[in-house]
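To keep things simple, chains are lettered A, B, C and D as they appear, and every chain counts its residues starting from 1.
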Amino acid sequence: MAETLTKPHDEEPLIEGNQTYASLTETVAGVVQRQKDHPKAWFVAFVLGFGLVNVLLLSITYLVYMGIGIWGNNQPVAWSFDIINFVWWIGIGHAGTLISAILLLMRQEWRTSINRFAEAMTIFAVMCAGMYPLLHTGRPWVAYWLLPYPNILAMWPQPRSPLVWDVFAVSTYMTVSILFWYTGLVPDLATLRDRVKNRFAKVLAGMGSLGWRGSAKHWMRYEQAYIILAGLSTPLVLSVHTIVSFDFAVSILPGWQATIFPPYFVAGAVYAGFAMVLTFMIPMRRWYRIEHLVTMNHIDWMAKIMLTTGLIVFYGYIVEVFYAWYSANPYEQFMMWNRWHGPYAPAYWLLILCNGVIPQLLWSKKNRRNLKLVFAVSLVVSLGMWLERFIIIPVSLHRDFLPSSWGMYYPTIWDFGMFFGTIGFFVMMMFLFVRFIPMISIFEVRELWSRIRPQRAEVKEVEA
Amino acid sequence: MEETKTQTGLDIEEIRRRLRGERGQRYWRSLEEVAETPEFQQFLEDEFPNRSSLLDLDRRSFLKVMGASLALAGLSGCRFLPKEKIVPYVKAPEEVVPGKPTYYATAMPFAGSSIGLIAKAVMGRPIKLEGNESHPWSLGASDVFSQAAILTLYDPDRGTTVKNRGFVATWEEFLAEARKVLPQAKGVRLVVGDAASPTLERQLAEFQKVYPGAKIVRHDPVSRTNALEGAKIALGREALPVHDFSKARVVLAVDADFLASMPGSVRYAREFAGTRRVDEKNQSLSRLYCVEPAPTPTGILADHRLPIAQADLEGFLQHVAYLVGAASQPGAANLAPESFWNGLAKDLRSAGAQAAVVVGDACTPAAHALAIAIQAKLGSVGSTVRYVAAPRPRSDLRLSALLEELESGAADAVLFLQANPVYSSGLGERLAKAIGKAKLSACFDLYETETAAACMWYLPAPHFLEDWSDARALDGTVSIVQPLVEPLHDTLSVHSLLPALMNRPSEPLAEVRKTWSVDDKTWRTWLNEGVSSVPKAAEVPVPPTLQVPAGGARRVDGFEVAIRPDPTVWDGTFANNGWLQELPKPFTKLTWDNAVHLSFSAAESLKVSNGDVVRVTLGERSVEGPAWILPGLAKNTVLLHLGYGRRAGGRVAEGAGFDVYPLTSEDSPWGGVGARVEKTGKRAVLASAQMHFSMEGRDIVRMGTMEEYRRNPSLKPEHAHGEAPRDLTLYSDEEKRREQEGVQQWGMAIDLNLCMGCNACVTACQAENNIPVVGKDQVQRGRDMHWIRIDHYYGPRAGDGSGDNPTHVVQPINCMQCENAPCEPVCPVAATVHSHEGLNQMVYNRCVGTRYCSNNCPYKVRRFNYLNYQFAQKNFDRKEDIPLLKLLNNPDVTVRGRGVMEKCTYCVQRINAARIEAKKKGRDIRDGEVVTACQQACPSQAIVFGDMSDPNSRVSQIKRNQRNYALLGELNTRPRTTYLARVTNPNPEIEA
Amino acid sequence: MARLFSPVANTIARASLVAAVALPVGAIVMGSVVSRSPANTNVGVAFEQPVPFSHAHHSIELGIDCRYCHTSVTKSSSAGIPSTETCMSCHSQIWTDSPLLEPVRQSWAEGKPIRFASTGEVGWNRVAKVPEFVYFNHSIHIARGIQCNECHGNIQEQHMTAKGKPFFMKWCLDCHRKPEKALYVDEQQPALTPQEKVFAFYRKIQEGAKLSARELALKKGRDYQPSTEELRKGQELVQQLNIKVKTLADCSICHR
Amino acid sequence: MSHAIEVSQGPKVYGYIAEFEEAEQLVQAARKTAEAGYRDFDAYSPFPIHGLPEAMRFKDARVPWIIFFCGVIGAIVGYGLQYYVTVFDYPMNVGGRPNHSWVQYIPITFECTVLFAALGAVVGMFGLNGLPRPYHPVFEAKNFERASEDRFFLVIEASDGKFDAEATRRFLESLGPTEVNLVEAEEV
């Protein structure tokens, strides 16, 4: 696959049109410089996001005041929306790291136009995810006990617990993502520093760029560090979702205790992540007139990756069924039966539809290049991935070993408040990002251009 | 002032006044009275620091702690509690050692009988009731009602002062009024409840001398009249049967729940259990036949259970009498298959003196008479049963007669002594109006009941733990009811009230001693023992041959209504008791509601499903309530429970369930035939603590017949996986085994052969471990907090397939204290880890509430405080915080605040107390020194707890029984709580 | 190009880097220091009391046994706070008109708990307290021969009563993990049972008998590091008393 | 010879800067400059240019090593912490698992490794680059703002032993830049 992707099959270039370093810089940096003319859509989206953020704040306040009881969680379903959303968001985050790190290592040049954007998405998604483990605890004000620090209680976290692994994994992931993102940002901030007129913005950019001056020596060390960071992030991103899947895999609950989980969670994460990138990129490239940087090829390739990971995930579903049968374990078998015929069966079949069936549309190139359709599919996939976690968490919990303690789970408005609240937060942050930070890595685009542009002679002609 | 009362149930002003010390200083009194004041809060805080709670930490200094903790690493938190005061006594009471409990023997009057109890008090606060070993009708065990009675003591909704037409008044005013009216009243009537107190009887008799023409009306909604009448028919004298099941080899229970709800059941359960223990040596089981319209806990243990309409029971007994030769003509032979009759008759005859026939109070007098005849014929009178004189005389006047008198004005002064006929009789509204006509009407009761609302005067009665009295048990055994605290409220003992009405004021203690003029020494021994040496009730002789009129079956057309006291709130007396309201009822596991119980086939024919509101019409009266399908009901029997639909009597009681009394009448308190049931189209939400009643073919409750047991003593099903082999593990156990060497290892065994699911353990655990009540809404969301629950399943052999007579099995489930506890490795903060004694410890103050442990618990025994449940009665947001309830808390158990996980601890507080005492004596804990709350309460001693490392301990011996098995053992959790498979003893000659 | 920053900016930049690292670290260090200091633990902080009761005066100068006031210390979890009656048993005879004792007499007269003359607050200010969720039992510790001073510091020397030790979980565990550190036999009167030894120690203090280094440290409320020899003896005691050390650090020993 | 030009006060000379339009030109220029024996010179470009460091005969492999060692430390810290906590400081029986359940310590060990290595990478890289350094003499050069956009610069610094005002300027002009300028800075 790497092969086919490196050289665009048809002759469409990675950057379209006759560009110069200046024009490329202008396109991207211009978005930040020209604060006046932002598309209407920006304001609509921002206001929407901001509104939902207030819902989030309200939900959190009431939650901390009253307790987890305001949610639908109960015995036996002690985890539900809280952990569903946590896993969902973490998953979404993964696409960013994947694009910026793995594709970098695979020398996928087309990543250049989307990595900055995807990385930003990672950071905000992880922020959303991070809220849940903290807030889902019964006593959030002592949640810091999960951190190891010498204290007068002589107590430590219990490192056998996947939740402690989560703490380390998620915080590491957050830190590394920010470092990676910021490192990539420094040269572009230098560009802004040198371009923007507004004194205040200039100083801000100046501070952010750490006095970057594009020295060749700096560039060399920079690239060394950058590529190794990528090398580190790659196993990291895999480990993070593996560990998240351990939250379930190390338990003894039918439907949780499955060796397939790590790969299948990671694939799912990438799947959801690319869906989210597309959901944002498709409108953005139009609104900000960057179609020549984020070309139809990009859409096409992302769609392909979605299709691939989607198939892996679907394989996961099949394997789960196989295990249930092959294990000859009555509890496992009942778990599967319950998914198919139990009270939550509709959710399961909807999941199969969203994640298994609909994405098959992407086999056809025509569809992959049909923006509306790809956009729709990515929304469907996002929903599907959420449903997958719904099936895994509450539906496995609500009927486990002793029929006497079986129960049902019904979410409350506060469950939804938290969920949509974080979505609002994500949207708001993304739109603040595109407005104040170059949404495409300018220096990498220049670098790419310097290699793929037509021969200089032709350029001269064009200029003449 | 009126306001404060109704809101807090405690009169602040009053307390302030008393605090100013106007009553001089009487220690207990002041302790209770200052309950509201900050001083008192501090007092509790410091005199028994154990009492106070995480909750307090959370509430009082949540912000401080939070802010600080975030700012500074490693703060202990305790610094941030406000500076506290230690309030010492002025004069230390002799008998009290601070922080040490004191125990008093007393007795609880209940349902015309009584049970002997030991009350545990800490610093003057009664906090727990246990059975009294030396009391013949407790034998150290107890039932749900005696376990829950302690909550009523602290119930904030209890009446606190005298009221006149709803306005606060004083006793003086009432007595003045009464003394004025009574002498020239045309007819003085006393309506007394079911209390069986000799002193009260003596005073009533005296009252009738002082006020000639005064009549006594006995009102007990759950009456034993039929039994008395039956005895009259057979023996010519009113008498009650007293059984001895320890001698019984064959028991025929006819609609008689003698193991759980009949008076005397606590002792009966113990006796019966004695005949049901099976191991290698003893393999002779008694056999129990149950014939009943509605399934009862007794029916659960039956070897043969036959659902029969209650109208047919008489005919059934007639036929039994015929078959054993106690009656000349046959009865309703069509009720059971031939083989059943033969088998039963053969068993009864061969058992002879060792046969017992128990007949429920709902059976007709004729049925009771027949039972007596049968036992006389079998010669079992004197061995398995004897008949004793009733503990108290009958009414002078029927309630209906009283009603007419009141309406006609023939009676114009009526006093209700702990009786609530306006609610608990079919006469309801009419009676209420009639009472209004009387010149003087007063209601003396714990709560401001419906009757109180109808009377001019409400007189607050003391709780039995606040009052001197005496009570007779089933066989006439007299116990002295001893108070533990001075009355919390402005109450007056009934034993002082009556004398006061007779113009000779007197103290209750004096009155009780007057009844039993014995010297102080004897008196003191009575108090210590909890049992008096007063002769028991006289036995009624049974002639060798006696003739009884033939009984016959009434035709059942349409449905028949069977009305029974509720298994948890009884006749409504306990309707305001949150523990009992939330106690899942046997079979249905319903909480906070009663229901119209229908059999499968009835539900099918009516197209009714659980929660459909139906109208039940009997005669011209009808009630509406939500339907609930109860497999095991006789096909056309509709079971209704009393005690709900209270219109007054406390915030907990009001609004729960629907009132069934309108369908009752004095002549037919137990329902009747010819009822109609129709759908109303409305739906109601019921909160059931269990939703799924099938074992799904899983190896959960192991059971089998005697033959099966002989063939396969473990009774492990072929398909079942069984316990995982010990060596199947990644890690070696060596390390852990070394750590457990020389340390006592706690374990528990529960014999499913003895458990009939009476719920006593559940309530006992709730009382011992400060377990909160969460309310209907939360139960419905699946957040009930019980640490031990009784799982109910329809057994493997589901009766005749119609689902109308399935085998019922119950299984008490508490924390299994797994050796490989799945909950522990997943806890991120080590809030739940293992002790060297093998306890799965739960450290509340370390818990951050991730709930992961609960997810990973295959038994789902962990409970999470989703909201602040403590000290609330009904509303579980932080608004409701009832200080009075704090007095009830066990100081040795942390009160859990919201956001922490909790679960059964094997009563670790009791283990620690025992250990400390043992260590002070320089030894280890002896077997039997630690008794868990559930074990202590269990009437049939199905629960045994002890040290597994000692091969001679009782628990070790029992765990060696081949029937012993680990629940979900295949998960290799290695539970410390194990079960003994259930063995039934059906008659091989009867095909099921 | 007009430069954006002047040379001094470099210095500022580096300084701010240092600060960015130093500040959080400093905050955490500060936090842990404060949390272990009297500001948090109250060790050695004497509160105002309704009556300026002096343990030094009563226990050493007058030689009153601890158990005279703390009646239940050997029987129960709670040591017990003396009732007004207890105070009056002497102070109805001596210092009968001392203004300092007015609150006691008033309490006795009114039959109400003692209160601050100034504010009217009821009761004594609590000095030694473990959190609510900790279940400490005095009697077993005394029975094992743990001196009051192990937890209450130099109580016999205090004129104004103050908390002697920090009462951290870590501090409790220190003994619960190595009880041999605190267990010892009084060489001068080895026959005594551990419990007798506890109170004999205070008689020794009163009589001014000569104290071993350990006893001196106890009296002064100082931490004492026992020698290996003493530790060995301590071990023997642990054996004799059949103390199951490994269970002592189990959560349920103190938390229920 | 570096004292050929004496600047007693006022701005000091930082060096000569040559501006180019194309990356290739810069690479050529850099190679020639290095061949000409200049040492203290640097090239500035709006994006990393492959072959440029080689052309400048500039080598530095310290960053990878820093990262490696940080990673190792991270691993030790991660595993060590867990081992210390569960085996030495407060061993507890957790669900019957041995105190040293190494299998379950792997995830945290891995995460710590990555965390430390990543921090090492970023801190090391910027550290070796001497950043943050908001002020640098070269910022005072003419047109230098375009170094972050579309222009390529070569600076020969006055500190170079071979630096000579005239010769160096001529040398730079010989490389075919768009223009050559003297860089004077407040501080060098």
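By definition in this document, a contact is a pair of C-beta atoms (placed from the backbone, for glycine too) under 8 Å apart; a residue touches a chain by one contact, two chains touch by 3 or more.
Just so you know, these numbers come straight off a predicted model, no measurement behind them.
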Subject >> Intersection of contact partners for subunit A and subunit B >> reply: C, D
Original post:
Among all chains, which one's averaged Cα position is nearest the averaged Cα position of every protein chain shown?
Top reply: B
**OP:** Averaged over CA atoms, how far is the centre of subunit B from the centre of subunit D? Could you give it in whole Å?
**Re:** 80
Original post:
So, what's the distance in Å between the C-alpha centres of subunit D and subunit C?
Top reply: 59
Original post:
When the C-alpha atoms of subunit A and subunit D are each averaged to a single point, how far apart are the two points in Å?
Top reply: 31
**OP:** Starting from the mean Cα coordinates of subunit B and subunit C, work out the distance between those two points in Å.
**Re:** 46
Subject >> Touching two or more other chains - residues of subunit C >> reply: 1, 4-5, 10, 13, 28, 32, 35-36, 168-169
Original post:
For subunit D, which residues are shared contacts with two or more other chains?
Top reply: 90, 94-95, 97, 101, 104, 132-135, 139, 144-145
Original post:
Residues of subunit B touching 2+ other chains?
Top reply: 73-76, 739, 822, 825, 827, 830, 833, 835-836, 846
**OP:** Please name which positions on subunit A make contact with subunit C in the complex.
**Re:** 149-155, 193-194, 202-203, 206, 210-211
Original post:
Can you list the subunit C residues touching subunit D in their complex?
Top reply: 1, 3-10, 12-14, 17, 249
Subject >> Of all residues in subunit A, those that touch subunit D in their complex >> reply: 20-22, 25, 148, 154-160, 162, 164-165, 168-169, 171-172, 175-176, 179-180, 182-183, 187, 190-191, 193-195, 206-207, 210-225, 228-229, 232-233, 235-236, 239, 243, 246, 443-444, 446-447, 450, 456
Subject >> Touching residues on subunit B, where the partner in the complex is subunit D >> reply: 730-733, 735-736, 739, 818-825, 827, 830, 833-836, 974
**OP:** Name, in rising order, each residue of subunit B that touches subunit A in their complex.
**Re:** 58, 62, 65-66, 69-70, 73-76, 690-698, 700, 778, 781-784, 789, 791-793, 811, 813, 822, 825-830, 833, 846-852, 854-856, 858-860, 862-868, 876-878, 898-901, 968, 971
